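You will see two complexes here that share chain A, one where it goes with chain B and one where it goes with chain C.
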Partner chain A sequence: MIRKHTILLAFLAAAAIGQAQGILGGHVTGNIAVDGQMSSADATIGAEDVPEKLLLNSRADVFYSNGGFSAGLRFEMYQNPLLGFDSDWKQGQGLANYFVAYSTEKLSVTAGNFYEQFGSGMILRSYEDRYLGIDNSLFGLNVQYRPVAGITVKALAGRQRLYWDYVESLVRGVDAEVNLNSILTPLQESPLHITVGAGFVSKYEDDESIIASANPEYRLNLPLNVGAAAFRLDMGYGHWGLQAEYARKGQDPSVMNNYIFREGEALTLNLTYSQRGFSTNLQCKHVDNMAFKSLRSREGQMAYINYIPAINKQHTYALLSMYPYATQTVGENGLQADVIYKIKKNTLLGGKYGTDLHLNTSVITSLHTDSLGGRGTEGYHIDWFDNGGIYYGDLSVEVAKKLSPTLKLVATYAYQVFNPVVEEPATTDGLHHNNIVVADLTWKVHKGHSLRFEAEWLGSDSRYDDVNDPRAGDWIMGLVEWNIGSHWFLSASDQYPYNDGSGNYYNVAVGYTHDATRLQIAFGKQRRGMLCIGGVCREVPASNGLTFSLTTNF
Partner chain B sequence: MKKIILTFCFCLAATALMAQSATLPANVTLHNLNGEPVQASAITNDGNPIIISFWATWCKPCNRELTNIKEVYDQWQEETGVKLVAISIDDARSVGRVRPHVEGNDWPYEVYTDQNSDLKRALGIVNVPHTILLNGDGEIVWQHTGYQDGSEDELYEKVKELATKQ
Partner chain C sequence: MKKNLLSLLALALLAAGCDKIDPDEYIVYDGAVITWRQGSAIANPQQRAYVEKFTGPQCHNCPDADVTLDEAHSLYGDKLVLVSINHYKGMGTPFPGEPDMRTDGGTVWDHFYGVNGIPAAFINREKDHTYGSAMPAIKTDIGTVVAQTPSVAMEVDATADATGSNVTVHVNLDFLTTIEEALTVTVALVEDSLRYKQLMPDGSVVNDYAHNHMLRKVITGFWGRDVEADAVAGTQTSGTLTFALPADCQKANCHIVAFLSRKASRHVINSASCTLQ
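== the complex of A and B ==
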């Protein structure tokens, strides 16, 4: 491993020196990102003590490109990982990812770590999210071939990254996407746009001993190769759009489905209509037994080969995102509708500057299943059009209105139903019902100076004494953010559960941005959720103390 | 191990010092709002500057930035010939909302989707919103991360500098 790193470094150093002397030419780009945290224990908010005093997550990407040739590497360091990150990251630091790639007009070849997605990712998605601590990049070979404009064929083989290691299993896949308008002459000038695609992914994993539940004398005859295929369609006609994808997976007994021999399937449909100032989309989803992992006995969020997204709206206001929904890859049905409408200027409801309306609703339920037995059997039977219990539901109305040349108000009301069984580990049973109101006012004091105020309220029927969950109870929140020019910002906020004594979350932050460099320092108590301050959003775990973040691009 | 880190730091410092005009990568495929594939290197503007703005439907500051620029976009285009290309990094969860979002909000920009963040990653971008300014030759001349009300004035100063050079 070390030897390989040295060779790579020598190569990059040579490239760098070569460029500096004008021998090689080409470009060097990249980034550095450092996140640090100091936190002390606070049982009421669930913050842990940090014996190391300071936790650091850092990374740097360096890319070199010259014509069709490119290469890159990433240094990662978790000394030790920030709160909320898996302890498996603890093994420290090193060159985590590297690749070389060559690309011509028709052909791209990447060797090393690569990220790839087939269609919407229902059978294959390798991606990374450094705030979530996920990197399932594949290490191997990825080839893309574009024989003519409008046709893309992909083929790949590799092993999946898991923390600082690669899993033993192999992942192989092929995918083709054809834009019919590019290759069929009659469609070239047509207002009808059609793109179709299909992909196939196969996983090979060595055998292991899993005992059947019906008879402990027998071990399961596990399939070593598991295949998954998907077909997709993307159509547009005038104001209308339709995206559909259907995926099917072979028998894949795993810890996720309690080792049943049942095929998996998933269907997503998205219908959109949009014109100037009005648009809507309707989305539905059916997922049954679609946890596709490179390790059959790995629980949790790691080692996924595919990606099944949640379809409910991703909220960013703190109290609106207090109860976030997590996709149930083992099975769920979902429906989502979204409407954007701009009321014109100089009308009764539009006023002098016009008004923006945004409506969204979603409901996600479990599947209605009839059991056919446990481990080693087909598992269960489902009726496609019959739902089980509710997992999550919400309805939100957002009104954005410019009140004067210097004042803008965004007001939001939302109703949520949340079933804690979707969380790992489930905090409690029984549904939570929440009403949430948010007012967000921006005041442009004068050129380059603005103040933003947020007031939020959440009324919930969950009580701390009943559920022992720090989110329980009714909440109020206030935030003031002062943007000074485009470089500095200061903010202060407080979240307080006023009828339950489960913690008071204050936070003060200061940030400085210069071009592509940004430094932010915050002090306070943070509850788990989505945080957006001074123009950037991220997910954060509970903590009590100081956090800082430095990012730069070059 | 220490040696490796030292060498690495040296590399980093060396590369940072001579950072110079890169272009958009050759091998990244985006999709337009009709679902059709478009190579990132095919983004052009007849020798005029291009603003590349990385955003997502769920990103509040991104939406503030693109909404605020919309109000002055006509004027920017007339004065400098600049074009704004908005690259959505929405993944499978929300990519279906990108076209309704853009048309519903009546954004006048050229919009592409980068569903698995391939272009974002190739350019080493850490967070959205992130803005990149290309000169008439397609070279990256300036980058900015984050958005605060008024950031667009600084961006436009840079665009004007480029336009007068040409």
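== the complex of A and C ==
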């Protein structure tokens, strides 16, 4: 990889010499992020000592653009990776991503590392998330062609990034999206807006010997080329909107599905209605055997080619998000309803300033399957009109109300049902039924200064288990946050499993922001749990000590 | 023109970008190698009926099928070459705590037929004639098959070495007519007197039901080994292979089954079986 970087830098230097005038006239932007952690052993919470004393995740992106030309590179360093990040990240440091691109009105070409998504990502989504430790960028060529307004055709080919290397497998894809209002004259003035799209992605992976059964003489006849196609529709009419996408994947025996030959499919529907002061959406999802990876035998969250969107609410409060839901790419059914309503001010319920209501409910279940056998078979049949056991359920009511010119209260009640089998590794058996109440009060002390108080309670029918699941049991949490002007903030918080647990998870933090630069230092204890972003999760181990974060943009 | 080219390109990508594996090829087994040499003429050529019967310990109608095929055996003797295969799902699964006699080879053959219910039986891998609820009719049809004049005469013998763990199998083919298509020979190990639970027609469970002709292992690949000789009338060829007898098989109860198939259709032309010497 280093040799490739040298070639790229030489290329950029040559370009600079050849077009010095252009380079000088271009724009350089970028960002830097440094996350650090120091942790020491604490037997009460299960935190282990960090032999390196200091762990660092760092990165710097630099982008250059000049007219239609652009280029960029990213330096990454994990010395060593923060707790919870895959240890494979520590295999190196250096220029991890780089690209050159040229774009005109009709054509865009990117060579090098690129991120791309077809539709909602059900057949292709290359993305990166530094908090999850995921970067599955493709290294290759990405071409976008817009022959006329309203039509976009994408074609790409590349190899997927895996930590500091690229997998041997090839990923190829084409996608086309057509806005019918742009190309059909009768629709140009119509209030009905329709966009349709279709994509196809194919993976080629070399053969490998996968034993079919206990008898090692039998092996699987693996498909080397695995294809996935998706069709999508996006309609809007007045206040209404409808998005639908259906994806189907060919035979793809993998470690994720226990090497069965069943084809995969997924369907998402999203119906929305929105007007001033009121909006709602209803979503449903069906996912069956849709783990699509560039490496068939790679477990975990790495090497995914696709992404299955989450349709449950992404909570931000600590106890509400204690049990985040990890999307089950091997199979799930889901429903979500979300309503946002603003009660007008100067009404009985709205009061002087009005009241915001946010209702959300979601339920996600496993598929109802009828087994046809294990590895080397079709795997199972499903019953489309029935569900398996519950994976996750969430009902939340949030009320946000300005009490006075200086006081604002956000109160939330949620009832959640959580099945630990959705996590890898599964923590405990049996459903957790949790009631959660959150009160969040913000007091503007005076201009530029505010105090925020947060009180949270979680009551659960699960029992605290410091070995298997230190989240279980009953919890209380308090937080005080002081925002001082536009630059500083101080906060102190504590989480405590008051009924049958042990250990206070206290945390104090200070932050400073100046222009596009932000520095935050925190000290305290981190409870073991899961961090999920959009249904993609990583484990967060217990820690005890200092963390700091520095980010800046230029 | 440009649009047509783009459409063709897209279709080519779609076609090339996705491999499709047939269910009966999900699992591969390279199997034992057959060494071919000059064979010998077979006196008294016989046409045999090769029957694959799909059964299961939790199938209450399967014991009746066993009775029917036992009767067929009494009628036709060694002209009936029978292999019993536990269905890969449902009623073919073992009772809890019982030995699982399903095999990978049996599952692959099961997928070949697309067996939906058991008992089910097929003569000479002719998919068009399934014997399920009308199992008794199979006796008449076996009689029809074995009355035919064979196009290929076939013999098999098997000898275990002194330790009893390695078995050498000889398959002798005598082509009586010319067959102008690729042929394969498949060799399998079957075992009698395997005793485990069986659901009976009256709903009771017999704990030590004697399961006979049970497929234990396909010794060649699931679809056999190519016959490396021209199938010309008047020629003979002999194949030899060696395999290790599975440790959980009782040599005294084991048989070797061999059958000659058309490679393309997998229809069985003739078959033979023998005990282990």
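Rule of thumb we're sticking to: the second predicted complex is superposed on the first by the 508 of 554 C-alpha atoms of A that agree within 3 Å, B and C clash if a C-alpha of one lies under 4 Å from a C-alpha of the other, contacts with A are read in each partner's own complex, and residues count from 1 in each chain.
One rule holds in what follows: a contact is a pair of C-beta atoms (placed from the backbone, for glycine too) under 8 Å apart; a residue touches a chain by one contact, two chains touch by 3 or more.
Keep in mind it's a predicted model, so treat the numbers as computed, not measured.
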Contacts of A:G354 with chain B and chain C, given as first, second, both or neither: neither
Partner chain(s) touched by A:T280 [first = chain B, second = chain C, both, neither]: first
First (chain B), second (chain C), both or neither touched by A:G84: neither
First (chain B), second (chain C), both or neither touched by A:L372: second
Touched partner set for A:F200, first chain B, second chain C, both or neither: second
Which of chain B and chain C A:S103 touches, first, second, both or neither: first
Touching partner for A:G459 - first (chain B), second (chain C), both, neither: neither
Chain A: partner with more touched residues, chain B or chain C: B
Partner chain in contact with A:T513 - chain B first, chain C second, else both or neither: first
Chain C residues touching chain A - in the complex, by the definition given at the top: 10, 13-14, 16-21, 23, 25-31, 88-89, 104, 107, 111
Parts of chain A lying in touch with chain B, wherever the complex brings them together: 2, 5-6, 9, 12-13, 16-17, 19-20, 27-33, 60-63, 65, 67-68, 70, 75, 93-95, 101, 103, 108, 115-117, 120-122, 125, 127-128, 144, 150, 152, 177, 179, 181-182, 193, 195, 234-236, 239, 241, 243, 270, 272-281, 283, 307, 309-311, 313-316, 338, 340-342, 356, 442, 444, 447-450, 483, 485-486, 489, 511, 513, 515-518, 532, 534-538, 551, 553-554
Sites on chain A touched by chain C in the complex: 172, 174, 200-202, 212-213, 215, 217-227, 229, 250-251, 261, 371-373, 376-378
List of chain B residues in touch with chain A within their complex: 1, 4-5, 7-8, 10-12, 14-23, 25-27, 29, 33-37, 58-61, 91-97, 99-106, 115-118, 121-130, 140, 142-151, 153-154
